[in-house]
Amino acid sequence: MLIKLINPNTTSSMTELMGGAARTVAATGSEIVLATSRSGPASIEGHYDEALSVVGVIDEIVRGEPADAYIIGCFGDPGLLAAREITTSPVLGIAESAMHAATFVATSFSIVTTLERTRIISEHLVRSYGMQNHCRRVRATDVPVLDLEKPGSNADAAILAECEKALMEDHAGAIVLGCAGMASLAARLQQRLGVPVIDCVAAAVKFAEALVGMGLRTSKVGDLAFPLPKAYAGKLSDYAPTSLRLHNSQSLAGPATSVRS
Amino acid sequence: MLIKLINPNTTSSMTELMGGAARTVAATGSEIVLATSRSGPASIEGHYDEALSVVGVIDEIVRGEPADAYIIGCFGDPGLLAAREITTSPVLGIAESAMHAATFVATSFSIVTTLERTRIISEHLVRSYGMQNHCRRVRATDVPVLDLEKPGSNADAAILAECEKALMEDHAGAIVLGCAGMASLAARLQQRLGVPVIDCVAAAVKFAEALVGMGLRTSKVGDLAFPLPKAYAGKLSDYAPTSLRLHNSQSLAGPATSVRS
Amino acid sequence: MLIKLINPNTTSSMTELMGGAARTVAATGSEIVLATSRSGPASIEGHYDEALSVVGVIDEIVRGEPADAYIIGCFGDPGLLAAREITTSPVLGIAESAMHAATFVATSFSIVTTLERTRIISEHLVRSYGMQNHCRRVRATDVPVLDLEKPGSNADAAILAECEKALMEDHAGAIVLGCAGMASLAARLQQRLGVPVIDCVAAAVKFAEALVGMGLRTSKVGDLAFPLPKAYAGKLSDYAPTSLRLHNSQSLAGPATSVRS
Amino acid sequence: MLIKLINPNTTSSMTELMGGAARTVAATGSEIVLATSRSGPASIEGHYDEALSVVGVIDEIVRGEPADAYIIGCFGDPGLLAAREITTSPVLGIAESAMHAATFVATSFSIVTTLERTRIISEHLVRSYGMQNHCRRVRATDVPVLDLEKPGSNADAAILAECEKALMEDHAGAIVLGCAGMASLAARLQQRLGVPVIDCVAAAVKFAEALVGMGLRTSKVGDLAFPLPKAYAGKLSDYAPTSLRLHNSQSLAGPATSVRS
Amino acid sequence: MLIKLINPNTTSSMTELMGGAARTVAATGSEIVLATSRSGPASIEGHYDEALSVVGVIDEIVRGEPADAYIIGCFGDPGLLAAREITTSPVLGIAESAMHAATFVATSFSIVTTLERTRIISEHLVRSYGMQNHCRRVRATDVPVLDLEKPGSNADAAILAECEKALMEDHAGAIVLGCAGMASLAARLQQRLGVPVIDCVAAAVKFAEALVGMGLRTSKVGDLAFPLPKAYAGKLSDYAPTSLRLHNSQSLAGPATSVRS
Amino acid sequence: MLIKLINPNTTSSMTELMGGAARTVAATGSEIVLATSRSGPASIEGHYDEALSVVGVIDEIVRGEPADAYIIGCFGDPGLLAAREITTSPVLGIAESAMHAATFVATSFSIVTTLERTRIISEHLVRSYGMQNHCRRVRATDVPVLDLEKPGSNADAAILAECEKALMEDHAGAIVLGCAGMASLAARLQQRLGVPVIDCVAAAVKFAEALVGMGLRTSKVGDLAFPLPKAYAGKLSDYAPTSLRLHNSQSLAGPATSVRS
């Protein structure tokens, strides 16, 4: 099984970090292919960064060898539904994966994320995914994304402190780490805190394997059907659906009108 | 990895049917152990049946070899939170598993279940799991649970008809089959309907593998901590927490006050 | 009118305490029959205790003289819907009764309950009963249920302190005491706090009288219809619906298919 | 116990009809005092009628002998919170009473009301009272309120037809009759339909008795405290809180700042 | 364009204050006509005051020259739906206007209002208007409405302090001032706080102009159709719909049955 | 006042159509500048089209003369929050504008939109904007966006038919036309249907004028602050926040840390 893990930001060291987390949990027989976005922001810390990162995500879905599943490796799940339109393989966001995982092992969780300004993005996702009653609070540490990699930063201490508040003040039963860059911290925090600490990259890898193993593929009826053929102009003319390499060989059979060949 | 699949009803032919679905999708290295409840209803078709089935579910969690994960094989997910209290291994309901799976491959789904009288049980679960915005409708076929196994019944036709209505009237992008006894129908229906059709047993098996693979165990802080030691009386005296065989060896470390030895 | 007040735990002193609260408010002509569960936990402080208490609740509904209404005397309302299936008489939970009562005399309330670990149970009930906009907060005192009876415990002080916080911090207009064992405190707290303090047992008794007085009986159409006849196995074989003594003489007339004789 | 049943419209024949329903269910020792509004609309069939009916409701609360409880006898519950501010006795709306009653005997209900234009009023109440998950649908019959009394009208047939649709299409487990003028139909419809049919007047009377019996009085802390003293001008100058006869003798003790003498 | 700004309380100095705010933002060609209620409370600080203020609001809508739009100048939006029934011109509440405005310039806001006892009124409006996910918190300053005009009061300082808490504790992106009497503070607070501070009167004026400019008029199909003709009794007999001067000349054409001439 | 109306698709004839609708309602003194996206899809009919249209929207916000307000002229409101990050001027989506407008003139509305596959996009917006209780239903006509301009298409008839169903079946009090391309139909449909029919382009123009007239600018505290400075790679390197021309001269003063110069 080939799982393509796409880092929607252009910082390849972060891709490597995610890749490490992914390979640690990948099953025998799962091949993790890493991809770093080639266009867009070096880190994703707001609506603007997120919106501009989608082009790079799309690129990585349509280029290279088709994968059995795709993972979008940023906690904002940028471009998730757009990506689902252009492939029959499952596409997973790491935020949705982590939140769903948390609900299986605790009746409540809190999210510990990076900048205050990204908190609202997580809160929007909590509502989109129906997690309002499970998620106690989204907690921002005000640690910039790329500081997570810096040896001398106080990122670890800030994250631990916020996790402890989540247990004491929110009475959370589990912690969701709200950034792909926190992947390396999960095991240590879990040991320290004594509650499940969910690494979003690991959750996405295992759920991707699970969905492929169930034989599920993205629905091609309704809003996730392949994009309608039409012209695209200007610097995005290559993104016209008819120009995209869309892999459909294993798609679910369906009414001719809803699956474009 | 040892996954124990518990049929909360006492009909062993249904256990076998579930077992078949489970083994079809289980990963190499996953051993599926089947257990049929030894006490309680022959089928679960209401709140009363469901409440009485919990004793048998508890029995199967505390007896025999400890498993790495437990699956409760009835679409009402009976006893789910109680079961989570008495083990550190993940415990999965098949209804929750199927609904979560559906959200990864479609933006909406409908549930097709058995008797009209069980519809409200599914609706309550939809709300508990935060699926109100994903689940378009719960559709009852009025097929009794045990008819699903009978060769001459019109169960298959009734289920197909209701699935087709789900696509036409609800505009559902996927179907969740709302009974463990429908496991054998999923592949055929998916082929016929051209949309993802989620078999709840398969979903639970793959998500159980995924959670174990992530290294997650049930939170023992808060409401899912081991039951407090106390006396149990009468015919349930064996169920006193101090009498249960509780496996804790791999539990998450945690504050002494919240994990009972 | 005969009202059977069932204590789902096996501690008869707590039954007596509830009985006192019940008889204080019962109308002339209402006879309160007390029943202590004969099987299950000595106190109910979690999902597991609650699930195992249902058998004892069922027992008390089907044994002895049929009552005009049944009250389940634990703030988790264990087995409420199962119990409603097996009788045409109204069955009331004390948590639901108290919350409904609070909405008639205040636009907001907070719940003050016992252990932190039971908080989530109350929160689930708040949502099931549609009280999210009325209930400001569920507050745990971390007083064990059986300490409520102990003369030397600091239970009373802890409860008062939490009630005062509910007024100051939550701006609650009323207090719901979230445990049957707190029944004796309601009057004193109301005097002290100057807001309505709802004793859940009293609320259930008066609402039981009210429903019987309205001529209402539990719906036997849909999910609350009598359980379907079927075999029950093992130690629960006596619980097969066909083995239960079900009183139906005063049931609402209805379509033959939905009311089992 | 003195219960004052206020008809917010000025049609005394409808007051009599309500009075009959009230007295049928009132307990021994409960005295039902009837009051017909002296100012405002002859029937209440919209937001405007409802808003203008509040003055008459207020009048009936402050005039005459103080009652132990007040009932506002229109399904829109006009002036409910305003009325609660000016008395320590419980004040009940018939819509809220009926909806709360329904939740005790069925897991779902539909409301059958009069004019299409009043449907939205009921829907707003459903949300205010947290009944969204219990109320399946509000069904309008387009029967004008005062036609309910007319012998030759087809009101009864229209209501029955809509109730039957509620059972067949909504799978409702109970019916709430959404107009005080339908009080006389409840028993017959219940007999005919085989499900609980809730008469809102009867529900309010029994719940009023229940609340008084629990010793509960309207909270005087927060928004339901007595109105602040201030001048009222023009034709409503008599409604200045200082001009009102406010009965406070049995009020809950409370902080001096929140209870006006 | 003639916009009538109605102060539902009888304090004309507050009307003047609102008028100033209104005229500051009114477009060339918009004429602001001020009206002070002639009957009812001197200030509106509770459900009772609010309910009694509706008569004065209705008076001002039906008397004088017909306006192209009406504004109800109290943050509780008293009588909003009743007022909409009796005119085809748009009627705007200042609370709804301010909340809607806030959602265009920030993803979250907090409301800073006057008395603690009015907080629940704002919270009810937040829910009615679907603002639960946008409004972080309603904050009461416990400043009485009429103190807002008093030179020596500490009203300004209390409001500023609460606004600062809204930014620090609620992480609000904007402030909605929850009282018409705070109109004069908005500009200064915005300058001081560095976030949008919405004055509800200004918001209502500009949205009134906008709606008139779009050619929209109040729907006369359904619950906002003109009141049905009927008798009104007693001191409100002049309020019978047939007695009202209802301006319909520019109404949307519609089915004869739903628009009363 | 300069209002820039951006068509996120690249079809300039549709820009002209929108421009006509905009200029019809624009106030004296409002200058409408039209912009057609120079890159991306010819029409927007799905998540993929929408995500790819954001680049073109961003382009039009940062190029040319700074505007006092920006309108994103596609009913999916693509890139709305990203656009708000890069300007202090208000940015309005036409879907949000239309829905907010509808709530001022009716208690309920239905949306009539184009393709079935875009229905879910509208439903997501309904929830994001808190319109669940106001929006009765989203109705798809299955008319492709560009057919709206074609003389011989049956688009008009299909839209009218769906509007009529919205009135009859949904009991909607108003219609929101869910596509910028339907702008020219609003007046005729309103005349025909007798209820408010909201043209989303007109609504956005008038609300843009209103917000500018209130002196409101986009909050620069929290998630809508200017994007953090950072590198952007590849074909999007020009989109690095430091490369963008960001107009801040009229921004709200604020803490130095949250407003980037």
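Labels for the chains are A, B, C, D, E and F, by order of writing; each one numbers its residues from 1.
Simple rule for what comes next: a residue touches a chain if its C-beta (ideal position, glycine included) is under 8 Å from a C-beta of that chain, and two chains touch if they have at least 3 such contacts.
Computed from a predicted structure; not experimentally measured.
Undergrad: Would you pick out the chains that touch subunit A and also touch subunit F?
TA: B, E
Undergrad: Hey, what angle do you get rotating subunit B onto subunit C on C-alpha, to the nearest 5 degrees?
TA: To map subunit B onto subunit C, rotate by about 180 degrees.
Undergrad: Nearest whole angstrom, what separates the Cα centre of subunit A from the Cα centre of subunit C?
TA: Distance between chain centres, rounded to whole Å: 44 Å.
Undergrad: Using CA atom averages as chain centres, what separation in Å is found between subunit A and subunit D?
TA: Each chain's C-alpha centroid was found; their separation is 52 Å.
Undergrad: Between subunit D and subunit E, what is the separation of their C-alpha centroids in Å?
TA: Once rounded, the distance between the two centres reads 28 Å.
Undergrad: Among the residues of subunit D, which are close enough to touch at least two other chains?
TA: Residues 81, 84, 107-108, 116, 119-120, 127, 133, 171, 222-224 of subunit D touch two or more partner chains.
Undergrad: Think of each chain as a node with edges to the chains it touches; is that a line, ring, star, complete or other?
TA: Contact pattern: none of line, ring, star or complete.
Undergrad: Could you list each pair of chains that touch, in label order?
TA: Chains touch in the following pairs: A-B, A-C, A-E, A-F, B-C, B-D, B-F, C-D, C-E, D-E, D-F, E-F.
Undergrad: Where on subunit D does subunit E make contact in their complex?
TA: 10, 37-43, 45-52, 54-56, 58, 79, 81-82, 84-86, 116-121, 124, 127-128, 144, 222-225, 227-228, 230-237, 239-241
Undergrad: Could you please specify the touching residues of subunit D with respect to subunit B in the complex?
TA: Against subunit B, the touching part of subunit D is residues 107-108, 133, 171.
Undergrad: Per the contact definition, I'd like the list of subunit B residues that touch subunit D in the complex.
TA: Against subunit D, the touching part of subunit B is residues 116, 119-120, 127.
Undergrad: Within the complex, which stretch of subunit C touches subunit D?
TA: Interface residues on the subunit C side: 25, 27-29, 81, 90, 92, 96, 100-101, 103-108, 129-134, 167, 171, 173-174, 187, 190-191, 193-196, 198-199, 202-203, 206-207, 209-211, 213-224, 252-255, 258-259.
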